[in-house]
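The structures come next, written out as structure tokens.
Two complexes come next, and they have one chain in common, subunit A, joined by subunit B in the first and subunit C in the second.
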Partner chain A sequence: MRPDNYAYYPGCTLHSTAKEYDVSARLVCHKLGIKLQELENWTCCGASSAHTTSELLSIALPARELQAAEEMGLPLAVACAMCFSRLKHSAFELADKEKLDLVNELLGKEFHNTTEVVHLLKVLYEERDAMTVSRPLSSLKIACYYGCLLVRPQEIVDLDDVEDPQIMDQLMERLGAVTVDWGFKTECCGASLPLTKPEMVLKLSHRILSQAKQAGADCVAVACPMCHNNLDAYQKDMKRKYSDKFELPVLYFTQLAGLALGFSPKQLLLDKHFTSPLPMLRDKGLADAGIAIKYNLRLYSLQVEEIGIAEVRHG
Partner chain B sequence: MARTGVFICHCGTNIGGTVDVSKVLEAAKSMPTVAYVDDNTYSCSEPGQASIHDAIIENRLDRVVIGCCSPRMHENTFRKTVATAGINPYLLEIANIREHCSWVHGDDKEAATDKAIELVRMAVAKAASLEPLFSRQVGLTKRALVIGGGIAGIQAALDIANADYEVVLVEREPSIGGRMAQLDKTFPTLDCSACILAPKMVDVAQHHNITLLTYAEVQDVKGFVGNFEVNILQKARKVDHIKCTGCGTCWQKCLERTPSEFNLEMGKRSAIYIPFPQAVPLKPVIDTEHCAHFKYLEAKEEGRDLPDCNICQQLCPVSAIDYEQEDQIISERFGAIIVATGYQTFDHSVYHEYGSGRYTDVITGLHLERLLSASGPTGGEVIRPSDGLLPKTVVFVSCVGSRDEQKGRSYCSKVCCMYMAKQAIMLKEHDPEVQCYIFYIDIRAGGKDFEEFARRAQEEYGTLYLRGRVSKIYQEGKKLIVCGEDSLIGRAVEIAADLVVLATGMEPSIGAVELAQRLKISYDTNNFFIEAHPKLRPVETNTDGIFLAGSCIGPKDIPESVAQGGAAAAKVTALFSQDVLTTDPMVATIDPMLCSGCLLCTQVCPFNAIDTQVTRDGRTIALVNETMCKGCGLCVASCRFGAADLRGFTQQQILAQVTSLWR
Partner chain C sequence: MSMTGTIKPSPSSDLQNFVESRSGQKVLRCYQCGKCSAGCPASYVMDMGPRQIMRAIQLGLREKALESSTIWLCISCQTCSARCPNEIDIARVMESLRWLAAAEKSEPAEKDIALFHQLFLTLIKRSGRVHELSLGALYNLLGRHPFANMKRLPGMLARGKLSVLPPRVKGVDEIRSLFAKVKAMEKEHQKREVE
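And now, the complex of A and B:
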């Protein structure tokens, strides 16, 4: 029996730059009868900085969220690949009794390290047979991009094959889409380097996008806010640097699932991307033509009411 | 009352350095039945054995206990020693005070000495209840079966046949020749592989002592050394090979075309075919899956309409085509079996980072052999499979499916370093404009003239060796981008290649495990067969009468495979030089009065050595076949009625050992 009730850890990006990921994830889960209960008072998982400065902090920060989920007695669903990685690492390290005792002391709470950490991709993948697809994505060719953190290291995250993962592909195929066979599913996009080494990010992300394009994809599906940012936000710079002739929309897999389940591009905040997917979706008959879509805070609130989520913090 | 002699060996300092031998001797003196004690620096040496021999005679000893190394080492040696002194060789008991004592307790001499005394005490107790045992003799069939017609099997068959014993060589493909027939040149001499192999293949076909069964597989094996009963499945060739002259009309006129397995699907063959021009026998088989006539028959059965074809039958000048021919089981008796089933190349589809077959111009080393070969699909011209252009930049990736625990292959395939060097040389010979790069971990060139050969590839032929693993291969336009690391300069490198060659490693042939189970021989975690001893018995198995040769044991190059084929043949001829075989008397027995007939023992016996028998009063009971029993003792442990017992290890003898410790 699959659980339909999860503790939910959005992580900081889903409340800011990746709001569309959060909203689309909530919409899709709501439609599928999966209840996401956001952790009370959650904090940063420590990503990017904690594990480069203090090993203890990099274990203890995620442990705080793991403990909260344990107290709720629910498996913990995570959307951000980086958060997922940090939470999994923490749980893995805390198998060591000594570390667990130390962390318990720091938390000042009782924690037994029993929380099951699940990525949202896996949650939807497990639910794929129960989905009622009202708008099949049959005209869409998708390059599923998993990124490096979602599947590595295998012995810790244990999600899928590290070189050729399949679960996002299978989910997209279930929604009617065609997925392309390509070799860059888990290549590095440049991660957190856009500020310090922008050239590196351009090079790596450009290579991923051009391989997706070469494989014949109409868009790239992602499961990580950082990958999304790198692939989506710098396409203009790539055009300039590599004289590319193409743009390739980059969408969260939850947005694509939302489309297939009948939500409108507006509801899914498809207008929030730098590289707009709307012209492509209109071409494919997946977005109603002629609708001027603009980010609308009022609409966003309406939608939140509609699915009955009491509170969503806005950036 | 037994008179036991106890002899303690120092084994140099192996035992004497840890165990206080004089204390052991002192203690042994007071053990029951002990009439004589002595020690030796090396009991197994000639003077050591002589002193035991003399002591037995002078002291009228009738039981001997030797405290020394493992019985696996020297039990047989000492059995012969006591036999020359007139004692039944099975009245000897070994106390293993080296492997079981001095070697493992080097840090505590006192405890080691105490343990050695206890081990000797147990051996003395057991020796007192030992009984004389006598071997039996059985006849043998002087006829050998060789499974696998690659170079190892060919060599083995020829050597046995030349010693004037009959040989049946079974090969599952339509021709013998194996992998060596697929190779272009051999390293390090650059001999043409087919040219040096073909004469041997012809010798096999023409030898009066060799029966060649191609397109055949070993189905089941019963029996034991000297007396194996083997069923061989002769697959239907649909061609009568007695009538066929190999004129070639049929395969030239056949209209069907299907990918050639021999050319790794890079070229086509007809439906009635010989795999390659030098095939032995040079007589075709019909591939019923692709033959138009058989497709027609199948369609007719399903009510579909397809055009019939029987061109081969019409054109055959000797009416050898026989569409009605069926599979056939051939039952034969053999005295010995040589397994030489060889290898296949690793399937690189698990390497997603190398495209797992996505890129047409990423090929394997064996593909390149076929492209280089004059009898290959391109007539010896190396072209890119995708567009037929001549590649100018070729990158080799070593250790694909070797030395990579992540992909479940920890071993080195041994030949890849050399074949890459050879192929780089050959590519340059074919086209001087070609530049080869080889990504390597180490260059393993351990063999006669190998290192010099690998150097030539670098120095004379300008091959660039980059030490590091390739992390990724992807297509960009017409080029393949190979990303890797040059760990000597500590930098990431990218090479835009026209052709990438994956040096795929060796793995056992498909079906190796099933064959091992049929033959009851053991195989390792990689499914390679296990030799009886990796150093001292490299071509024997633990099953008497079954021998191994070639790369079914582990990766090997051609000279090693040939040497092993010859070695296995020598073992077989030595076996056949005897007129009768002596069996080991240390086997299980079943007391017919105690046996309830539950037959649990027949299920646990790994050697099929327990038959059933109906007694005069109508009971079915178990009966040990002494020639097949290996004396493993499983039946003894499983028997709930205590009917089974093991000679040389009877319940009573083991109990005597145990009770000797109650003091």
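And now, the complex of A and C:
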């Protein structure tokens, strides 16, 4: 039996630049009867910066969250691929008793490293047969992009094949979509470099998008907020630099699942992307004609209330 | 008569010892096939490819390895580690070199990247989570490129993707004390290594 109750670690970006990922994940899980209980007072996992600077910190910061989930007695569901990777790494390192003792001393808590860490993609994948699809994505050709952190290294994250993963493809196919065969599923998009090396992100992300386009995709599906930002927000610059003629919408897999399960594009915050997927979705008959991109400066909580999932947030 | 013809390996360098003990990887297993450099998405901007870094460690070329831009430009995507025929986790080797360079070198080869990571951690220490607007602002000010990355700012704000105020988390004290303890522990460790 799969559990239907998870501790939930959103991570910093899901409360800011990737809030559409958070909102769509909560909506979809709510519909499927999966309960996500957000960890109270969670803090940052340390991301790429902790393990660049200090080994101990890179293990201890995620361990704090692992410990909180252990106290709740629940498996820990994670949406961000970077957080997922760091939490998995920490749990892996803490199999070493000496390191576990050290971390317990640092945290001042008793932690036994029993928390199971799962990525939301895997949670929805395992749930795919139970889904009632009310709006099949049958007109949509999707390039599923997994990125690097979700699948590597296999012995630690153990999600899928490192070079040609399939679970997102199978999930999308279950929702009625056609997925394209392509070679850039796990190529790196530039990850945390957009501030420091924007020209690298441009080059790497452009390669990925052109390959997806060439394979005939209408859009790219992602499971990582960094991948999303890099692939979505820089397409205007790419057009200028590489004289591209195309735009390719990039959607979270939870948004695509949400569409198939009957949520509206507005509920799924599909108007938040830099490269709007709305014209494409309208063409494919997956969005009503009336929806337009609407900008607003209101705070996150208000938006969540507006789309009627305040109760979802609080489980 | 005892066996006298045993070949003794030449003494391994400090650098190799450090990397092997901290990364858990056997550097001498690298036979320079170059698969890591071929698959590396960042090798086109590096001053030495991952293969050359591996060779530098084998040869004990400490300065060359620690002063290279490579160790900072490595994105940790782990393509090299996944493809190495000798199962060396090269990304982990890069990581251990970064730790050493950060501790020893006052001027990292990629100052901006080092600054970014440092600020990222400072923000975690201060408020428990990373506030992206503060990160961008501090990075621009302290890195002395005040107008970098401004292009997407209006779009981010208009989409409500950046909150103006930093997040508030209960238990920040816990995080601060964690940082302090880690720092003290690492200092202690370094002192012992020197002795």
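Quick notes
The working rule: the second predicted complex is superposed on the first by the 293 of 315 C-alpha atoms of A that agree within 3 Å, B and C clash if a C-alpha of one lies under 4 Å from a C-alpha of the other, contacts with A are read in each partner's own complex, and residues count from 1 in each chain.
The rule is simple: contacts are C-beta pairs under 8 Å (C-beta built on N, C-alpha and C of every residue); 3 or more make two chains touch, one makes a residue touch a chain.
Keep in mind that this is a model prediction, so the values were computed, not measured.
Legend: residue contacts after superposition of the two complexes on their common chain; A:12 is shown touching subunit C, with no touch to subunit B. Judged by the touch definition given at the top, the superposed model places A:187 against both subunit B and subunit C. After overlaying the two complexes on the shared chain, residue contacts for A:195 are found with subunit C alone; subunit B is out of touch.
By the touch criterion stated above, A:163 is placed in contact with subunit B and with subunit C alike.
Of the two partners subunit B and subunit C, it is C that touches the larger number of subunit A residues. Touch criterion met: A:61 reaches subunit C, while subunit B stays clear of it. When the shared chain is aligned, subunit C comes close enough to touch A:48, but subunit B does not.
Within the superposed three-chain model, A:214 lies in touch with subunit B and out of touch with subunit C [touch as defined at top]. Taken together, the two structures place residues 163, 187 of subunit A in contact with subunit B in one case and with subunit C in the other.
Those residues of subunit A that touch subunit C in the complex are listed here as 12-13, 15-19, 40-44, 46-57, 60-61, 64, 102, 105-107, 148-149, 152-154, 162-163, 186-188, 190-198, 200, 204, 233, 237, 272, 274, 295-300, 303. Across the interface of their complex, subunit A is touched by residues 351-353, 355-356, 358, 472-476 of subunit B.
By the touch criterion given at the top, residues 22, 41-42, 45, 73, 75-79, 81-82, 89, 95, 98-99, 102, 110, 112-113, 116-118, 120-121, 124, 128-132, 135-136, 139, 148-149, 151-152, 155-163, 167, 169-172, 174-175, 178-179, 181-182, 185-186 of subunit C touch subunit A in their complex.
Chain contact summary for the complex, subunit A toward subunit B: residues 161, 163-164, 181, 183-184, 187, 210-211, 214.
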